[in-house]
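You will see two complexes here that share chain A, one where it goes with chain B and one where it goes with chain C.
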Partner chain A sequence: MKRLQLQRWSSSVLSPRARTGGRLQQHLYYSLRRQSTASPALQVESEQLVDESSLNSSIPSSHIRQQPKYILPSPPVEAARESAKLAALHARLYLPSRLPLETLARALVDPSADSNSNFNNESLATLGHDLLTYYTSEHLLCTYPRLPLTVIFAAMYAYVGPKTLATMTREWGVEMAAVPGGEVDPGLLQFQRVAPGTDLDAEPVSNTTRPNDSRMSWRKSMTSRIVYDNEFGDPSKAPVEPSQQPTPGAQSTQGVTAEQASATFVRAVMGSIYLHAGRPAAKRFFEQHFLSRHLNISDLFNFSQPARDLSRLCARENFEPPVAKIISETGRKSRHPVFVVGIYSGQDKLGEGAGASLLEARSRAAVAALKGWYLYSPLNVRVPSSMEDEGAAAWKPVHVDLGEVIV
Partner chain B sequence: MATSLVVPKRPFLALPFLLPSCDSVAMELRRHQSSYRRTKQRLRVRPDASFGVSSTQFQDHIVHNPPSSAPSVFHTPVKFLPPDDARRSLHTDPLFKHTNSEVLPTVFKTSTEKKYHLNKSDIEEIRKLRLSDPMTWSRWKLAKRFECSPMFIAMVCEASPQKKEIQKQVLEAVQSRWGPKRRMAREDRQLRKESWGRDE
Partner chain C sequence: MPVQGIKAVATARNGVGAFILQCKRLDFHYCDWAGSSRGMNAFLKHTLPSFAKANPQIEIRVSPRPHKHPVIKGHYINGREKAICVRNLEPEQISNKANLLKEASGEKLKRTKKPIASINESVRGIWSPYHGDNKTV
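And then the complex of A and B:
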């Protein structure tokens, strides 16, 4: 071996013709070196392979063992222990030690890279997606029991939507493989990319769970989105019958975007933590990585007629009708006046807003009052999943009231 | 290139930078000379009374003097708290009460109190009038006659298609005379109005 290494170093001084070894093997060796995505363990193997074969032209036994790696769609299971990237990712995310590296490697293989469901992350991602949406929705509904449905959908999207998950993948330092394959380092996210120039919004979403989805002009009400659509209020794909599913042998040429693949990866990590380390670890992971992200819910509102909504709210809750009163003002006859208007219901002030005109100030005050209503949060919020803890206190019902103002 | 000498209208002595650089003259004519010591002295103002130690309190305490700003929307008003909430009893302190809410002037001069004084025959008459002569009986005129809001007239009846067409043409004729500046200013105003609801 030592002699062989020496010969490799001396190759720079030797002329190309003086080198032993077949041209084909050298080509193979150099092209492997250039591929940055190939795992380093494999590179060392192939270096030895080239050097050994340069001495005795018979094919060594390791060559036969390594050969199937090139025809595998995703890295073999035993490659997970040799990947430095994978171990670094495991340590960086502070994942529980009960979660093995092999499962983390499987979470990095998208169904578009490996259609075999025993080796891709589809099942893990399904479990993780259900956990993520469940934990997020119970947190939102218990913390802010009066939120309107549109705001809940927007907040769900902001917490566990695909864009957020793709951002998290980048923040975790997960890199993407150019092309999936058996020789790729298992620490890279592997998926079949969409062909360049493909228009992703070309065809409308079809085959959804919503009835009459082919009629584009039909109005989609907010309440029907709870029943038919997914947790973000978007149309969801109908499940495909097992008999109609494409066979695993058939190579599906349709790729996925990097955003979709990243989202599937994060969901699969969540699912694998739940499977290997249990529910408390999954809950802790969710709180540390998802709930800790700052989301200002008061920015998600958009009112078209706040004054009308507020008067409807006061009529519904049997409060005195809201009256806008001027708290203070300055420069009424100047170019830049400022009015501070408060909205009062009887003696109590509901909201306060400042604006350059009386109408603007009143409108902003009504918006502030409506946000004060919607953003009510009870003290000592508990979520239903906290009852699964050991020795949890008796459950007290969460606050439920009429909530949203419907005009 | 023609150069013109600008003769200042003010007396010459009031513009010290035009004078030859003579230190004594310049020092006298300037209002003050900024120096480190003088600037520092001028900034040395007596702090607000709320920052000082009150005479009745001799222990360490926290000074809470926030800058004036809009109240946070996450502080739910007492009226919006459910009856079983613990914060309701905390805010019954008379210090938190705004006792002067009656003396504040209202934004609108006229009362927006609804009267509910129109009956079925009145509504029939509104519909008949608007159908018979839509040019005379516009929404505003009907509202004035029946002492209700134009919004209520719009809820009760609808203009005939001919009237809508005429009104559309009138609007187009008016808008065709707008120049780019007025058009842009109106669009901007509409965009600003939409931003009120988003609280921007």
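And then the complex of A and C:
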């Protein structure tokens, strides 16, 4: 029996937003769209439209609704109430009812799709990014006060880095629109895609907040990374002056990757929860969706010379110098020997490791000892933002450590 | 630099913090003419509104599929889909099938051999022959 293609003949029944129309209609849309991006006249018209509606700061009036939707760069505000996808996403994330569907729809529009800042998620994402990094960094610094900064950067990246946020978008079941536009379902993530074949690593990172960023060979010290770079230890883009910013409405030719767009979306959701439902709801959302993820921090360390670091650490902390001793061994002359080596400082065993050679076992033991030191976590940790709750107990200072070993 | 950080991605644990229902869309296909869709049509008329209200997380689509048996299709977050043919079924049976699709994770059915699956390390640790009461030959 021949299988019928459901999509093809059920199109007339589906909501008009679910599909962009028949083939003829689609062709018409595309040709119009091409004109709208190419000709300045149409563009100015759409710009005026958007400006008017933003000035009125209300749902666009009826004369705007008569305009064809494909002229708009992103779905109109009133389309949010009609989208089944958007309502399902709102319910799936258990978002507070005070957060309206219109804001969620706005969080799904990337600046690359709609450059008008009244309709895209840029401002929400900026707020959400600040909240996410603040909550994550205070959690990390209070829970693990002795972590080296490189590991803190890596842990920040693992919790709220763009890669994790893109994974979360996928796990939330958010689908992406092929091309952004006014006629697209507002429940889809809308962004301008990068042209296929573009080499993303081709152009060197320039225009950063770091001085002398063109000197690629200069050494980047840890201190300078703290001062100049972003919360993941990567170079951050310098803010563009308002006079040099592209005017709103101008079509941006450069697209963004799906990862960047997804990360912006998750940040915008966080920002919109904060704005509409307040701080406690935002914090709860952060704990439920971000802190509940599993991250083994002891996997983030990469030591180059653990034995040397350990001896420096013992010297700094006035411990007795570390001594490696064989605890047990087997098959020293065989093909696969095993040595178990412990590192002792006086009577105290700092760490233990097993390896196929004495050196390997010793460095594993030193790594275990260093991780035991760095991963110290005090009990009953409170974070500074918990003081913002109603009726919070008096603040007790948290453990502040001397810092990592400097070699 | 004494220690470097390794970039990683924190893994999700659905249900530890927030729970995301894995079924994101249900498609109901019916036929107006054929007798095998009688139960499905009654289900769509009487039960589906309350089902949709009880499960706002799921996007629901209803569309005809003329001269064919009625089908329910579930679309899942992992990208898979499950289809169940509900020909000649009563509305209550169809409601059970819809619930089954709603509660499914979208994964292929697997036989679980171990009672517990965990990403945490064992608290007790792995037995080592080199520790404790060593026997010498």
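Simple rule for what comes next: the second predicted complex is superposed on the first by the 340 of 407 C-alpha atoms of A that agree within 3 Å, B and C clash if a C-alpha of one lies under 4 Å from a C-alpha of the other, contacts with A are read in each partner's own complex, and residues count from 1 in each chain.
Here, a contact is a pair of C-beta atoms (placed from the backbone, for glycine too) under 8 Å apart; a residue touches a chain by one contact, two chains touch by 3 or more.
Since the structure is predicted, the reported quantities are computational estimates derived from the model, not experimental observations.
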**Request:** In the overlay, answer first, second, both or neither for which of chain B and chain C A:I327 touches.
**Result:** both
**Request:** For A:A354, decide between first (touching chain B), second (touching chain C), both and neither.
**Result:** both
**Request:** Of the two partners chain B and chain C, indicate the one touching more residues belonging to chain A.
**Result:** C
**Message:** By the touch definition at the top of the document, which applies to A:A368: first (chain B), second (chain C), both, or neither?
**Reply:** first
**Message:** Applying the document's definition of touch, where does A:Y376 land relative to chain B and chain C: first, second, both, or neither?
**Reply:** first
**Request:** Answer with first, second, both or neither: which of chain B and chain C does A:S345 touch in the superposed model?
**Result:** first
**Asked** Looking at the overlay, does A:F319 come into contact with chain B only (first), chain C only (second), both, or neither?
**Response** first
**Asked** Just chain B (first), just chain C (second), both, or neither: which does A:N302 touch?
**Response** both
**Item:** Touched partner set for A:Y134, first chain B, second chain C, both or neither
**Value:** neither
**Item:** Residues of chain A at both interfaces, chain B in one complex, chain C in the other
**Value:** 299, 301-304, 327, 354
**Request:** Could you please specify the touching residues of chain A with respect to chain C in the complex?
**Result:** 4, 6, 10, 13-14, 18, 84-85, 87-88, 90-94, 148, 150-155, 157-159, 161, 163-164, 167-168, 170-173, 222, 233, 287-295, 299-305, 308-309, 312, 327-330, 338, 340, 354, 370, 404-407
**Request:** Within their complex, state which residues of chain A touch chain B.
**Result:** 298-299, 301-304, 306, 319, 321, 323-327, 341-342, 344-345, 347-355, 358, 360-364, 367-369, 371-373, 375-379, 399, 401
**Complete:** Listed in rising order, chain C residues that touch chain A in their complex are 1-14, 16-18, 20-21, 24-25, 27, 29, 56-65, 68, 77, 119, 128-131, 134
**Prompt:** In their complex, what parts of chain B are in touch with chain A?
**Reply:** 70-71, 73-82, 85-87, 97-98, 101, 104-108, 112-113, 196-199
